[in-house]
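When the chains are written out, they are named A, B, C and D in that same order, and each has its own residue count from 1.
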Amino acid sequence: MPRIDINCDLGEGFGIYKLGLDEQIYPLITSANIACGFHAGDPQVMRASVSLAVQHHVAIGAHPGTPDLIGFGRRGMELSAEELENALIYQMGALQAFAKAHGSRLSHVKPHGWLYNAAAEDLNLASTVVRAIQSASPDLVLFGLSGSQLIQAAKQASLPYAEEAFIDRTYQSDGTLTSRRSDQALITDPERATQQALDLVLRGRVQALNGSEVKIHADTLCVHGDNPNAVVLLTRGRNKLRKEGVEILPSGRRP
Amino acid sequence: MPRIDINCDLGEGFGIYKLGLDEQIYPLITSANIACGFHAGDPQVMRASVSLAVQHHVAIGAHPGTPDLIGFGRRGMELSAEELENALIYQMGALQAFAKAHGSRLSHVKPHGWLYNAAAEDLNLASTVVRAIQSASPDLVLFGLSGSQLIQAAKQASLPYAEEAFIDRTYQSDGTLTSRRSDQALITDPERATQQALDLVLRGRVQALNGSEVKIHADTLCVHGDNPNAVVLLTRGRNKLRKEGVEILPSGRRP
Amino acid sequence: MPRIDINCDLGEGFGIYKLGLDEQIYPLITSANIACGFHAGDPQVMRASVSLAVQHHVAIGAHPGTPDLIGFGRRGMELSAEELENALIYQMGALQAFAKAHGSRLSHVKPHGWLYNAAAEDLNLASTVVRAIQSASPDLVLFGLSGSQLIQAAKQASLPYAEEAFIDRTYQSDGTLTSRRSDQALITDPERATQQALDLVLRGRVQALNGSEVKIHADTLCVHGDNPNAVVLLTRGRNKLRKEGVEILPSGRRP
Amino acid sequence: MPRIDINCDLGEGFGIYKLGLDEQIYPLITSANIACGFHAGDPQVMRASVSLAVQHHVAIGAHPGTPDLIGFGRRGMELSAEELENALIYQMGALQAFAKAHGSRLSHVKPHGWLYNAAAEDLNLASTVVRAIQSASPDLVLFGLSGSQLIQAAKQASLPYAEEAFIDRTYQSDGTLTSRRSDQALITDPERATQQALDLVLRGRVQALNGSEVKIHADTLCVHGDNPNAVVLLTRGRNKLRKEGVEILPSGRRP
């Protein structure tokens, strides 16, 4: 029986600033990637996020980023391997403490923003991410772009991993994501997003923007919380997947 | 056989900024209170501190403060109980992750600066600190000013605690510390500090500034890392205590 | 001919976080109070705010706060007079540079959040605010709560000032604002807010929550940018005021 | 009569953290480059620095950096041109306000750390720096590495500039500075530093590490405040330069 995880980046508010429709999304996903206070999130937001995750039986994942609140962790930063490793350990530890306070624990880790993209292409950077996760806890599952250097680094270090694909992003014929700068990068049509989810889970393929088919292995599907149609898209996608006999379960430890 | 713990606030640098003589102090103490990145400390400093503590078999304690790097956590901040609790959980978790990465774990928690002083006098604030510690881990030992509301709150909640007294600070006849604003607040003469240590450990008393004797119970003795004579004072104090048959051991979990 | 200034707190976003309906509000006001990066605002937000102010011929004011981004400057902080003065000079200078870059300059200063409220009641704090403004530029106009210690301090130091009243907040019979904790604190009914504006400008009075009349002198009227009805309320209020022959002009230097 | 400016990076403390021997260096230099709160410095440190500069008749310069306190502005950051420009305007404005509060004003600007090095090699980055300075004030003098793209960009935009050379750093035969990673990068011998100062000012040349001579034009000489011999080196260098008839004066506006 085919199975898939559905994840979303959540807990991205800060102080009085709200971001995303977290309350509506938690009931629809199986894994939450929660910001840890460097690029977004603060102790209050983190605690509220963990509390929602526990309440909705959603696996709790750390979504650590660079120390760049103004840039939301999307800007490149020249961190040494040591600095990056320590920044990640710090953030995972902080979130783990909230998980523990709510009777749970971290299940997975997904690097955020620039770090996610850069480590997908750079094996050295990816290995530093993997090393940091293993320092924190060797049974955490790394979420990384399907087929990327992040997955490669996890394999090399025998760290559990989940290959991630996107329901609401278009792909190029070489299997990479269409750049966010393109106005074709996002899929907002729920029909098309649902089709992409089915293609990924049942056939291990997506249709690229140019019409060609690309092989993509997906253990977990990401939906963007700031996608205006995220709730519709998730609701419809889930129903369709279940109708096709797909089991929807976390990639990491079941909460 | 009498026993005592000797603690020091360490890991108070940040980025390129150095503070204190950490390397020289670790070999002389049994418990380290390590800053957690809010009022001082950064992920690199925290990791280096944990590494030194492990190397010297020193118990690792969190020394969390208010989010006030410019003010070094010494300025009052009107945090709600929820904000304070979350700030503490966050910081304890971050340090715990480094301890785990070095094969160890947190042993105790000592609030820093304004928080230490304010919670010593305010049972509500003290109870929030206690609640935060119990959320993080119920077997952590709280370090608080001897006889203060912090100790009271720990007793009420059945949280392990260690009553703290100071080797290098003078006391008033009512048992409070002489204010830092007074130029008689600090004891820099190693002879006098050593005598105060002995009085505290063997007789449960100190001589107040006005010559009277005050009863003070001490489970752990603090030396300030920024005291210019800290190393001399610690070396002499330890030798003298040992000569008197006092065992020097951590208050918390032995590392 | 009666005249009044209409001001609003703007530029309160940060990084990717948006707050308020700035674009819609600028055409309807005469003075903008722009956050300066400590409690809200960042260099991009500040520049965009100054640019909008210049475009809409709105007077540019600094809206400096405490260094408390997580708490949005609403939490009390124990800053020394020197620390507060320097924090204000720093923030006013930063905003002035953007004003200059757009061919304009600062016209006024309104302390934000906790500082606004605390200085309204504490003459010492108010005098520190006044001293900071005079260090930055002696012809800046201080915006402070009508009849408060801020106004008193400005008078004592011969600093130009504008007494501020609120269109969308209810008053107590002693002339103070109803606490935000009360659900009667905010006026969202445009009719009632417009009436309060007219009462303030034409009769120097408001009707308190208990029905009694209170004398309030207003040089400038504040509307909250996060009031969901701010745009409707401003549009209607302005029309009504103009119909009654009231001239709407900045309190400070005309832009 | 030959003339030269002597500058130093100062005001690099933060909160309780001290850095450099500022008090001893101010009497020996003609231009101070003062950190502006992003990579180092805080409002108190900035004010104290400006006060010292005014007292010693030293020209006040802004030394703005990236928003990277942990990394001291030495780590690369992928800022957009707009973000960089705004970060610089913000910081120059903040320092200018302190200069004004002490009856003075900014004379020059020297980018700090990574920004200084990166803009020395990248004309686009250099032009953004120049544009930011011109937005703040078109008569400010840019301090940039002699012969670098920063100087080129200033020339192109008709911004006043001062070409900078280093007394206490060694040069390569191609005129670049020896990398800090080399243990030959710093000159600590006062004799040799003094000779390099004379060679730069009187002959427009330095002897490179390999013995060859390189042409370097210097309008201003930099000494590093964290050089342990900075005070000796400055005292000796100044005396020698004066004995040779060199006038020591700021490159920018005389304070």
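By definition in this document, a residue touches a chain if its C-beta (ideal position, glycine included) is under 8 Å from a C-beta of that chain, and two chains touch if they have at least 3 such contacts.
Bear in mind that the values here come from a model prediction, so they are computed numbers and not experimental data.
Common partners of subunit A and subunit B, by the touch rule above, are C, D. The chain pair with more C-beta contacts between its two chains, of B-D and C-D, is C-D. If each chain is reduced to the centroid of its CA atoms, subunit B and subunit C end up 44 Å from each other.
Per-chain Cα centroids separate subunit C from subunit D by 40 Å.
The set of subunit C residues that touch two or more partner chains comprises 44, 70-71, 83.
Residue ranges on subunit B touching subunit A, taken from their complex, read 37, 43-44, 46-47, 82-83, 86-87, 89-98, 100-101, 135-137. Across the interface of their complex, subunit C is touched by residues 13-17, 19, 42, 44, 69-72 of subunit A.
Across the interface of their complex, subunit B is touched by residues 67-68, 70-71, 75-79, 83, 114 of subunit C.
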